[in-house]
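One chain, chain A, appears in both complexes that follow, with chain B as partner in the first and chain C in the second.
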Partner chain A sequence: MTAPALRTSALLRIVTRVAVTLLAVALATAMLDLPSPTTSLAQIVQQHLGDSGVRHPVTAVLLNFRAYDTLLEIAVLLLAVLGGLALRLAAGDSPMPAAASASPVLAGLVHLLVPLIVLLAGYLLWAGAHRPGGAFQAGAVLAAAGVLLRLAGRWTPLLPPSALARGGLLIGFIVFLTVALSALLTGGVLLEYPRTWASELILLIEAVLSVSIGLMLLSLFSGATTPGRR
Partner chain B sequence: MILASWLLDALLAALLLWLAWRLLASPDLFKAVVLFIVFGLLMALAWARLAAPDLALAEAAIGAGLTGALLLDAVGHLQRGRRHPGDAP
Partner chain C sequence: MSGGLLYAFTGASLVALGLYALIVYAHLLRKILAFNVMGSGVFLVLVGLAQRAGAADPVPQAMVLTGIVVAVSATALALALMRRLFTDSGATTLDETD
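And then the complex of A and B:
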């Protein structure tokens, strides 16, 4: 590197540092200057918790009061997975070689862990109605089981996705959308659950969502191309 | 008791900032990823201390677990690519 280039980069570094410091100070003052909210959303949620069909406020917000956001989140996640799948199919990927399956310790660990992980996912799904848990956590835990199986070379999921796996990826969004639209068709507003069925519907949506989210995260993970085959 | 919890929180905050700095400044990618996973787990602990167990669960499962696995996978790819530069077309 020549001397003038070195000097420019040193100057640039100083300018960047000053700019970043100023930005940080500005952001901090903006945060401190924020007016405290006049309405407490937490109180409103607590007041209407009885109408939601679940007893945990976070699940009530995610699956009932603001279910529209969750629906769109699932749609965005599905689009990302579709993009990932399209890229991988274009790259002509093939299943990962089962290289790691030789170790008996790993095989034994996988045998022990995977049933426990599936059990834990089921618990998290069920617990979501009255304590921390729910579809996203259950889905992430299911995906972790899939990642473990794939890394151990026991299973090469979604390479290429079978009809069943494609159905599994889609079912969460389809069921959620069906429930949302059926409320519209029976004269309510979008995503308005019938009062008496709210908790059952939320459990159904969460169950299919966990499966779909698990498969989505897993397909993003196994969507990475295998080494040397790019 | 209050002093102990205050000390724990201060230690957690300092550790998070230190880990964040270390993982960004680390030239070794593998080390950076391991530090990132530790950061995610401690972040989950911080969420739990802030009485947000839902976020703590999501952070531990997605932030530390899945993202960590993805990043480790990516580092593996990069290093394998570096060791056999002739393999990739």
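And then the complex of A and C:
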């Protein structure tokens, strides 16, 4: 719906159009001129893959070589969830009463799908060590199961979150941070896993991350579904 | 021209398109969508440029994976803020003349 009042003046539109076209051309020219990198990160990752505790390069980067990014990412996710919950709870919104779904097809489908989805999430988590997969994919799939339950009216989760759900939201960050800091306390550097334990630690972190990420995404979703009745 | 570079060019176009929509449309939902399109463009540039020599590079791929999750959560927070604004004031834009 493009009501005229929601758009800016014709002049601004034309100027913007020209400006963004120039921007796109400038970006493309800059990309063509880029010198090829002198060091190949892909090769470095490949050389050290044996030390990382996993066999898939992307997982190795995410959970080992650049685990700092992942740790901060979970912190950001947690902040977003807290922000969403704060907005929601301050508004005094009560969760939508779980509308008993009238459709037997939907109910049957949910019955069939949710166990399969949980199984798939477990597989993705396990597969992350040697092929594409891992905590984020598993978490997203778990969240999808929750969304499905929510849409079918079977479950009104996380509004406000119970103590258990709060623990679930937090556990990924807490476990990750504990592992990161314990390396520091035992004389290493932040996030340096003991080499013999790297595989197990990564699997542990990924498992709790999957649960937390799933709950976080679900919490963000269910924080936004009640239509704004005014 | 390699496939990777084509992805990067597509990404640059998406950034430009998103920026245009971000400036031109006042409705907050459109602005949030435009910002997401820009973000997707940046991800494409990152992944595309890194593999313009041929082989895929796991480092930018992992960073983009991180970025996608952060973008999703930021979008959700933005939508929650927008909904709160609508519930409180009925406004869908930040235009103060409304």
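FYI, the second predicted complex is superposed on the first by the 214 of 230 C-alpha atoms of A that agree within 3 Å, B and C clash if a C-alpha of one lies under 4 Å from a C-alpha of the other, contacts with A are read in each partner's own complex, and residues count from 1 in each chain.
One rule holds in what follows: a contact is a pair of C-beta atoms (placed from the backbone, for glycine too) under 8 Å apart; a residue touches a chain by one contact, two chains touch by 3 or more.
On a predicted model such as this, the values are computed, not experimentally measured, just so you know.
Shared-chain residue A:190: touches no atom of chain B or chain C.
By the touch criterion defined above, A:221 lies against chain B and chain C together after alignment on the C-alpha atoms of chain A.
Contacts of A:124 after superposition on the shared chain: chain B is touched, whereas chain C is not.
In the superposed model, A:136 lies in contact with both chain B and chain C. Of the two partners, chain B and chain C, it is C that touches more residues of chain A. In the superposition on chain A, A:58 makes contact with both chain B and chain C. Once chain A of one complex is fitted onto chain A of the other, the partner contacts of A:18 are absent, as it touches neither chain B nor chain C. By the touch criterion defined above, A:75 lies against neither chain B nor chain C after alignment on the C-alpha atoms of chain A. Contacts of chain A with chain B, set against its contacts with chain C after fitting on chain A, overlap at residues 58, 136, 217, 220-221, 224, 228, 230. By the touch criterion stated above, chain A contacts chain B in their complex at residues 58, 124, 132-134, 136-137, 140-141, 143-144, 147, 151, 217, 220-221, 224-225, 227-228, 230. Within the complex, the chain C residues that touch chain A are 5, 8-9, 12-13, 15-17, 19-20, 23-27, 30, 45, 49-50, 53, 55-59, 61-63, 65-66, 69-70, 72-74, 76-77, 79-81, 83-84, 86-87, 90, 92-93. The touching residues of chain B, counted against chain A in their complex, run 53-54, 56-58, 61-62, 65-66, 69-70, 73-74, 76-77, 80-81, 84, 87-89.
Those residues of chain A that touch chain C in the complex are listed here as 6-8, 12-13, 16-17, 20-21, 23-24, 27-28, 31-32, 34, 36, 40-42, 45, 57-58, 60-62, 65-66, 69-70, 73, 76-77, 80-81, 83-84, 87-88, 91, 136, 213, 216-217, 220-221, 223-224, 228, 230.
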